[in-house]
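Right after this note come the structures.
Note that chain A is present in both complexes that follow, paired respectively with chain B and with chain C.
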Partner chain A sequence: MPTPASALASASSSHRRASSDLMVRIGSADSEIKLRALRELKNQIIGNRTKKLFFLKLGAVPAVSCALAQAQAQAQADLLVQSAAALGSFACGFDAGVRAVLDSGAFANLVALLSFPDDKVVDAGARSLRMIYQSKLAPKYDFLQEKNMEFLLSLLNSENETVTGLGASIIIHSCETVVEQKALCNAGVLKKLTSLLEGSPSQKDASLESLATIIKKNPEAASKFVSESRRALSSVIDLSKDRNPRTRLLACMCLIVIRNTSPCHLQDIGIKTKLVYLLLELLDDPGQVGEEASFAFSSLLAQKEDLQKLAFEANAIDKLHNHLQKHLLQPRRYQGILLALAELCSKLESCRSRFLSLEVLNLVTDALTHEVADVRTAACICLRSVSRSIKSLSAGRFMKEMIVIPLVRLLHDPSTSVQVAALGAVSNIVVDFTTAKSTFLQCGGLKLLVQLSKSMDPILRFNALCGLRNLMFLADNTCKERIFLELTAPSLSSLICDPEPFVQERALALVRNLVDGCLDSIKYVFAEDGIILDAIGRQLQNTSKAEIGIQGMYVLSNIASGNEFHKEAVMHQLLLQVNNGTQAFILKFLQSNDSQLRTAAIWTIINLTIPSSPGASSRVVKLRSASIVSQIKTMVNDPCVDVKFRVSTALGQFMTIGDGST
Partner chain B sequence: MPVRVVESSAPSQVSDFTPGMHTFECWTGCSLAPFFFSPYAFSGTQNVSSLQKEEAWRVNVRIQGCDLEHGYLCGTMEALNVPMADTPVVTFWEGEIVDTINYTFFTGKWEATPEDDKKHWDKFLSFAPFKSQVEFDGGKTVDLSNYPYIFMRWKEQYFVNVGTDCGLTIAGFYYVCFSCSDGSISGYYYDPNSSPFQKLELKSTNEGRSGFSFSSYELQ
Partner chain C sequence: MSLFWIVIRHLAEIEAMATSKKVITKEEWEKKLKDVKIRKEDMNKLVMNFLVTEGYVDAAEKFRLESGTEPDIDLATITDRMAVKKAVQSGNVEDAIEKVNDLNPEILDTNPQLFFHLQQQRLIELIRNGKVEEALEFAQEELAPRGEENQSFLEELEKTVALLAFEDVSNCPVGELLDISQRLKTASEVNAAILTSQSHEKDPKLPSLLKMLIWAQNQLDEKAAYPRINDLSTAKLEDPAV
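Our next item is the complex of A and B:
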């Protein structure tokens, strides 16, 4: 019903008056008035974010904090309970509220309430502190101080379940390092938490979450938990069947942490299958449990082909697809489902095949334009995963405007994590074995990739180069020329000499693809007085990293497969240092422990000494003078079969050419 | 390479693994590497002669992916002078490497019996040292890791540039042998409904270069 504007203004002003009045009453000297005001405030803000913010701006938190301190001095239990509860409500799920409570100095007073003789006061204090510890803003608890550990144990040993819950919340919030995990294990916390698995519903949940925190990525803690008592692991397994969905989820998460930390545990196919089905069922929960279940599911599947196969057999793709089709998905749920699909499609072609046949791709493409950055990132990760299919890349299934256009837009997303994820998907999609790379260029993707390759952020430079390297892979001449003109020779040589070795390696891999294919493409490394080739030579001379050596040697090998001028240019790079009196880098590479590097080096020699090339004979003489031929002769029984065969090819060529030394 | 349709083609198989998150060359480590770790090109012919007519189609093959850990490789095959096609016909194929870990000499599918397998493998001279062992236990105990030949099966999965109504079939598959020393490939096409023992002969190509050139990509 329409309401006159004046009526609205009047209502708002009366609300402000009432609120100001409430604030006055909180500061009243009359205990009864103060108590009623605190209760009223608490009731108004419970579960109401807008009201919390409104009263926060009115300065309610310092006022309540003051009331708490006064009540503490006078040991007024009712006032303590209400003021603690009001502060807890401000802190509940509301970071600005937590900040205000901490700034008001109430934290120490709330801790002091835990020693109060009245159980109700203790309970209110513990409840309030739990709210605070659920926020990242809560102060870090130092477990390494003996007194603190004793205090924590006293909380966990309490008869009051809110207090034990507080102890668990402190662990969940503050236990981050292996040292802290170890300290908690040594103090007997695992044992205590295991006993709480048989406590009240809230104790079970708190205990499961704390156990997962202490065990996560700490195999020693995982083994201790499993071996300390026979009951421990079976209690967690039993809780995965609990009637409360949240308990089931937390039990699953705890089991996943144990398995991911120590893969030797929970290898039984039965438990693995059960976890898959349980989590798929929990996804149906309309609340937070459903949201979190998708993340737990991703964690269960991550890097594990066997579990991905089980999930596939449990129709996980279809189920996730059904969830994705629902309208108005909450961003976190949306993100979780996309990430779960990404994990499922990360290794198995059968999953990708099902994903594509259900046309999930269209829904994922829609998510690329979602307003929330985390959803856009998850959509890119999902796309990256499904585009690992060479079978689909060969069929040109991804190089389509409906995918490429929104993806290219994300390359200049304000969020770096979105940019990095988009680069991951782009890198795969541009491999495209068909001749459709032009679609990407037409959408403006090349310009953006080149821009990002010059970013100040090395991660962005690296990922942009991954994309450019794959775009260059088997590209036709027109495409190569466009990439080179956009990138320019000076930029490319700077990237080869980038301060970060992983960027150097990618830049060299890009040049390797540039000079592959049509013979004419070798000309690019000679542009601008050969600055690219010189940069490669310098890097190869100076590097100690095999990966850089491998890519660099393949660039030289590809150039050496060209004409006489190209071969001589490579010879110049190989022997430059010899002429300066130092060891040639190729000798170092031929002697490397890395068989791939030895292979790359020997291919260069093969290409330089192809018997049909006119200058082969003189090059063999020069290689012999530089002790390269004698080095190759020592490699006839190389432990790597690849190297052995190529050594045999090279020696055969030397013989054909008639070097006389073989 | 597709062949003329004799009967309706069999449904294509879905391989359960494709490589991911690795650079192409990272999958190397055995003797396939020199020619296979880079998407390498091969060209040659497939003899499609029948009793009525001597005929060979020119064929180009490009390896697009290889994952030795899972005994997987894939690529495209282009048939150039197919009589009933206006353009070269390109197919995508997936391969199984006989490594006795992921795959043995026995196919166990695609309508190939152990007898068919033995008859085809027997065509390769390089198979001779394993013949008796394969007769005995399917060659499960044979060590192929340092052998200078690689045995494979290639199965075409779909037509890349023409429709399935092109009058050609990809129902069969190839028994393939790759020579690590010279990079040559020979193979025999098997399809119970096509001419038997159509021979495939391929040599590595260097696309007009005086040597060998290698590119690489990485799927993230």
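Our next item is the complex of A and C:
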């Protein structure tokens, strides 16, 4: 017996010779030789991704494209079928192949095959085009051009199943905007697709998917679909009980799209329950159907408390837990299940309790270190949902090393989406109502949060600030000091003046938590010559956004609850512009349409003018001359109860202080 | 009366009886059976469905002519499908692959498990024919990449390659791969895939009906003593146990 090494060495060289010989034969002038070579190539690459890549590198695609074009010129059916089939196989589930086929210019030739008199040729052409349209790389189809719409309709009206399938793939691939959806509806495509719901299994599947694409987020299209034919909706519901699991899944997905798009359809408890049970059952499918079922389940439950409740009653948490326990979970399936658990636990405490009682948390924390980024992201999103449980946060269920350490590590993950998701989970976990937050700080979490707050990416800055703000919530003095020292005053002031308003708001919310609570905390805003306080004053003067005003005023209000020095510093900020002739920003806020902003502003005034404090009367005089007191007097009958109440407190204080005038 | 008629009537009667527990004599039973109406057209369709799904082309054609029952798929496609099945059953896997690709190139392109099993069968045939060098080359070229592309095939791959390690293949632990039953398994898998791609049910209806009969009898056993069919091939009614 020859040694394996020599056998393999000679194997690869003979293989290379055979393939270059094949390439030569494809270019042969002799039709017979060419035909046999094309067939051989096709048979080598079908199902074999490695061979597809190999022949791609040898330049097979342009060669076959060329053969296709020549065969077209000479109307040679056999050659057309084989070359089209070969190109279709290169494009099947293989993006590099799709690109090569498109680059070779074969697309137009394949389209021309659809009108060839031979059925087998039409089939081959349609099949290959369908493969191309299953890839994102396919050229965008312009539905808005009349000629194109007519062509599409001719495809959908064809007797040939593969051709109608192509029509559907084009819709699924290219229909994206509301305008396109409308154009398709107006051209009568909905009606055609509805009739295909009674067709062959592949037509049913194709139709379900295209209907979902046209109806998605388009209430008009949804209504049109339901009203155009009496049986339309019931056909889809029937298909959710079809023998074929893929058909059942696509039917469920279509129903979910209709439900989510148009709240007047499919709202009864019967259909809701049915959808929950169908999807839970489809999760058991071992193939792609099972994988996609979990994503469909998430979209069914998203933001819908009633459905989450139904799912909980159907034991969804237990079922998903069972799936998580299986070995060798494919990454997409793992991601899907984690996201489904995240949706389930997003609002209901009952779901979160069940989740925690089943020890699912261990399986989710394992996923934090998975090699695929999407899985890590999904695990963080899941943790974020579950950690909304105040009961569990208080019991310290999340502030444990086995969760905090891997989570903190994800704060420096190479993928931004993982970092953002991790920040979301961290933000919840640090609100653990324990004042020390020691586990998190020990793992170096603080350093990372501060680092991320200086990121170039505003989303990361924002999310890091959310985490810091939550970390600061009810923190004790030692903890606050640690955070402040790590963050530094200059850094915090520059975040307050960040180019992005949503980041500014978060930074102010952080400062609000910083100065909240013990009087001692107020000193931080005065650090380094009061740069933080100055920054706040500047932002409040320049901002037009209510959210920023609200946070800023609450900071000032907290500072104003301090001692005389603090109160005077706030007065200084309030009246800074008045000296230059501009209107005080607080006047603008008191006149705002936003009741929360008016409330925050009044609180500041209340804290500044507490009668028992020594400087109260001189402050009232200054406020009066800045027209602030008169503004408040006009708010006696403010429509918002909160504001009205605070106004009367403020006015009461002014009266108590008394300054001789009314 | 044909066995088939008896079986179907029996099944229908059981379903009706399911609500009360008692003893039914053979005479009473047979009297009830006579009253059950079954349409001949339905029976013919079941037979045709069986012949077509199993691939008995000539029988299906003859049955069509003699009974006037139309098959639910084009008999010409059955011929193609049977050619593929036969090729696998005879160990000509390469030929089978070519035929499947001619029939529908999508089947093997979208069915990685089936493709892997066909490649596996090719390797088994090479080993069976003592072509060790070619087998090694094939395993390296064709099967190893399948394992790389998809982790779930690795275990089966290892089993198959293990065949190469043994001098006396018929006596090794994975020897069952060389059995004819392995060929039949693969042939059946290809047959099912082709049927599915032609939008046809891959299982005939008749076995489901018989399974239903056995299940229904088991259910009724809890409630009544009645003439049972114990041997499906004869459909003979056994006297009830008293």
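Simple rule for what comes next: the second predicted complex is superposed on the first by the 654 of 662 C-alpha atoms of A that agree within 3 Å, B and C clash if a C-alpha of one lies under 4 Å from a C-alpha of the other, contacts with A are read in each partner's own complex, and residues count from 1 in each chain.
We adopt the following convention: a residue touches a chain if its C-beta (ideal position, glycine included) is under 8 Å from a C-beta of that chain, and two chains touch if they have at least 3 such contacts.
Worth saying up front: this structure is predicted, and the values here are computed from it rather than measured.
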| item | value |
| --- | --- |
| Chain B versus chain C as contact partner of A:Pro201, first or second or both or neither | second |
| Chain B versus chain C as contact partner of A:Gly93, first or second or both or neither | second |
| Per-residue touch tally on chain A - higher for chain B or for chain C | B |
| Which superposed partner A:Arg49 touches (first chain B, second chain C, both, neither) | second |
| First, second, both or neither for A:Arg538, with chain B first and chain C second | neither |
| Touched partner set for A:Leu328, first chain B, second chain C, both or neither | second |
| Chain B versus chain C as contact partner of A:Leu474, first or second or both or neither | first |
| Touching partner for A:Ala85 - first (chain B), second (chain C), both, neither | second |
| Chain B-facing residues of chain A, complex | 305, 309, 346-350, 352-353, 384-385, 387-391, 394-395, 424, 427-428, 431, 433-434, 466, 469-470, 472-474, 509, 512-513, 515-519, 550, 554, 557-558, 560-563, 567, 595-596, 599, 603, 606-608, 610, 612-613, 641-642, 645-646, 648-649 |
| Parts of chain C lying in touch with chain A, wherever the complex brings them together | 97-98, 101, 105-106, 108-112, 115, 132-133, 136-137, 140-142, 145, 148-149, 151-152, 199, 201 |
| Contacting residues of chain B [partner chain A, same complex] | 14-21, 25, 28-31, 33-34, 39, 64-65, 74, 76, 92, 94, 146, 148, 157-158, 160, 180-181, 206-220 |
| Footprint of chain C on chain A - complex, ascending | 1-2, 4, 7-8, 11, 15, 39, 42-43, 46-50, 85, 88-89, 92-93, 124, 127, 161, 200-202, 243, 328 |
